[in-house]
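Letters A, B, C and D name the chains as they come in the text, with residue numbers starting at 1 for each one.
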């Protein structure tokens, strides 16, 4: 099979770098174009990231010498690639326009940005959960008169640690009505330079701008259903999130308390573990290249999951869960963990693209 | 006024060290005796703690040359001091016996240990909250035929960040029915050597043995009432605690969501802030030497409290609160912080002793 | 005694903040004016530092409501204060001009900036060492036709951990010819935002721009002598510095190997310890308010000094030394430590001003 | 090729765990036996390490169910395996005896322990450097009447960051006479529990017991030559090491200043870089499975190497060097870095075994 040609928008930033690192040797996709701000445009990629490459593996040689393009000049890019991953860093309104412009130019956009997460005809995808939302793509194309292009986004990194475990229970009939969640989020979530070291040495910061709202609202869309050509949010689930930045490099942890809607039909702890351990979904069935073998990994040790020890499970694509126990106030509680820059960012974007490819959208 | 002579049981451990550091130049109390395990007994205090003194100020010169006594030989110690602070590290059952033996030997015990926290005739004191529980001391003395001695304990360090803010609201008539709390607890809470560095570099540990139970149960006793010679727990408040160890030296942070009992009479956010800012109690009224000027400090900045920046407020005795906001699931949520080895341990013990002294029990 | 009125230039930056925190309740100096960039000018100090105040004590109430002035408008400031502390953050050339302009306007400048460290008629002062360099002030005033004003600077923070111990030996006749030094420098040395957390979590950075040159060259000036109206550097001492940034909040550590010039007259280890322990100089003799009781503190424990445990010695003004032992290659080696934002920055500046006041220059 | 059967002595400790993780899927060796202290003996490996497994990959399934043997019962083990990796944690004298007992029982011992590093007929091997020391094995076998067994050790982890770069220069005729080195060593070097978190949060510890001596003396043996059936140390090189523990998980950094013996024939900086970049040795020539592609990686960026970003270069087996520059006191200086638990421990041991196998000793 010939590989699809991929462009990375925002290629010099941290998420862009992670895309490039993860796509080295990808069986289906090949990075043939890198684009960033006008400031970087015209330089070799290795020059544009000199002193700023944050990955622990070197820049892939196939990317080193690519000349960075200006991500705003859509015409130069759209014709060169089969689709783009978007990780541009601009004002939201500008991102919204830019991503739609790529779509209009026949270039599907698989985005990490939050700009279109609230757009009604844009799917916000976690392949294990709401793969059925791919149906909205056709609506989007019709609405906007796109021929081949479209925009698809992934949700925020903070919710990946708890939404799949929650979904697995709902899918088995245990609808969740309330969740109170505290996240302990890694520094890398803010990029580089991001959070100053003086704020995270011997310290935590109990606030991340905009993060609590995303953590609370985005699950409602992901759990939503398509009606009348729109994704209708599931507002029957109430989530309260406390988001903290902690001195951890990678890996977001979530402490979760859940209440089930049906007081008369609640799963036992053993049943929940069983559901999680057996949970498997479309990415696993299709054996997508980046799919974790187990979408949910349950760790039985009493003090796990821990970010440094569990974030790399299943190449950073697994969600690790532990400490399932009764909650004194709600029904059950647990700790979830996922790698925020792999599962929660570039890896999640790649898995989305793989599902799109497998389903014929790319 | 002549100072009271104080013995420190468990003087070589971290809490014992903190007592000694904080009591240097105390206006009412003077450390005249240090006691520890048989292994340390017979050595000068400075020798017994050689290479193990963890405080950032040097050992007070008045303590350096004290010969460490064996804390188990009550007779040698009881006659030498007016009262003892207990921070012994033994099995619970042994602590229970030992502390009562001191009491029986006419030596009041102001304890940091958890051993007697569940004992019905032993008060578990936070001076700003349940000072009325001092009344149980007389019952204890009658029950156990103590003449002058008694045992009084302080609660666990983990709950100091949220219990005073909760109490302040209840005291104004806003009874709390449910609380879901996630704590981010400092390394010093586990003492030295305590938590291995490999567990807290680029990592958090989402489990602390026994800590969630204490965080959930002890408030029920503190909020309890004396009936028929017993402290009866207030079981109408349900607390669920998720306790995490984070890479912070000192200062426990708590993310708290609260629900009020009375749906028709809930305080507004402004009212809550006003209650907290105006909160003052017996230690402030009596102007106890270690009392914080403000028992609750409300920080209006959006990303506070933070452990490194706020733990030392009011000499480590204040509780700093911030981020009060509506909760999507319960009524309100906030972040609380207190210094775990000052307010939450030795400083809290000293404040207890000051109240005891002011009230004539010492 | 009436207090001198002091202005802080660069008052909103981290060093400026530290000046303000340290000068609260200073017996001789009172902060009556704060100045910063045009961006901050016109705001109340508490507004100008909203969300950026990095100290662990609150803004002194006497400073909260001061209106920040524009540090570039010398005329408005010079007439209002007796002298200024300069911690402005501008290009070097602009700082050089600005500081001299204050001096020309009859306002002595006690500076933390590096701009004038190489200027031949500007003393670079460590009060314990080169107090005799105050004599150059008169020359400077004559050279530049200043009446009352002058500029005096302090050296870089990185060298405070080793230069006083070295000086103490030289003063006793043990001239040092060579030093190889590795520093482990705290994050706060780079200010806030400064070093990104991703660079200091589970990491060290073995490079700090310009820091090695300062660490090597500035001691030559401090050890220099005044000849023909100039400070002539002592180039007979060769220093090689490796400067590293490490995940520490405050406190620069230095690992030092020394060779003495005279092979036939080297001090024994015991003699060196004795020299250090007995070392006392002008600030101690004059009992300056910020002078450490012991300019050099020798810690006999085998694993000290350590930044978190020793940086606050003598209110952050002491230099703590330990691990003195033979060097396999040179003569002796040791570890030195000082608090970089107190002794190495604002505290050092204040001590300089105190010496100037005591000697009649202010 | 059938794989050699390997036993791991000290299999439950951190180095033992790392051996097991690294040997998963090794092309030549297969872990068929695990041995540890009597306390662990008789348990399944997964049970014996329950809650103590520190690797970020799970226990290989082929090892999970192995029953841990008592490492002291040589007879039970020697017959079962082709050779052993030794990472036992015992008193030195006991290790010396135990390792020789395995050798006497026809079982070659590839050791990580320091016990036999000073033994004259035991080679201390870095395959890139002193592969010629393998010749001493025959002497050892004759001396001690071993048939097939022998003991071979690897040097301490602290010196791996600088010894190969030094060797590469010496090999090209630039003999080094003096080196002053400061190491910044990772927490994992002390194992688990190892260094308490309170010692490495916002702190560094400028002392590691025994580490400076090893860092200074072991290179003399590695650079030594075989004469009269003994390895004679090269005492013409003088090394002074300052060893510090820093808050880094993995990766030892070294700041190195070097003086060359021949004042008239010193390499230029460019020449040194060229030598390092071109350096290749026996493991590369033999293409050993664990050999780094480049034994020395020179990173041209001005602030590298950094532990978190460079330790995993060449699967943790490369030595990364940077910041080569003139030294003010000696000739040149640089920063070196290697992964202490891979290159510096288990990975280095495995490379030793691979060389032994390739050379016919196993």
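Convention: a residue touches a chain if its C-beta (ideal position, glycine included) is under 8 Å from a C-beta of that chain, and two chains touch if they have at least 3 such contacts.
Fair warning: this is a prediction, and the values are worked out from it, not measured in the lab.
J.: Give me the chains shared as neighbours by subunit B and subunit C.
T.: Of all the chains present, those in contact with both subunit B and subunit C are A, D.
J.: If you fit subunit C onto subunit D using the CA atoms, what's the rotation angle, as a multiple of 5 degrees?
T.: So the angle, rounded to a multiple of 5, is 180 degrees.
J.: Round to the nearest whole Å and give the separation of the Cα centres of subunit A and subunit B.
T.: One centre to the other, that is 42 Å.
J.: Taking the mean of the CA coordinates per chain, how far is subunit A from subunit D in Å?
T.: 40
J.: Return the distance between the CA-based centres of subunit B and subunit D, expressed in whole Å.
T.: 48
J.: Identify all positions of subunit B at which a residue touches two or more other chains, and write them in rising order.
T.: 54, 199, 201-202, 247-249, 302-303, 308-309
J.: Looking at which chains touch which, would you call it a line, ring, star, complete or other?
T.: complete
J.: Touching residues of subunit C toward subunit B in the complex: what are they?
T.: 50-51, 54, 56-57, 201-202, 249, 301-303, 308-310, 312
J.: Would you pull the subunit A residues touching subunit B in the complex into a rising list?
T.: Against subunit B, subunit A makes touches at 178-180, 182, 184, 199, 201-207, 216, 238-240, 242, 244, 246-249, 253, 255, 257, 302-309, 322-323, 327-330, 333, 335.
J.: Which bits of subunit A are touching subunit C when the two form their complex?
T.: Touch residues, subunit A against subunit C: 54, 187-188, 192-202, 247-249.
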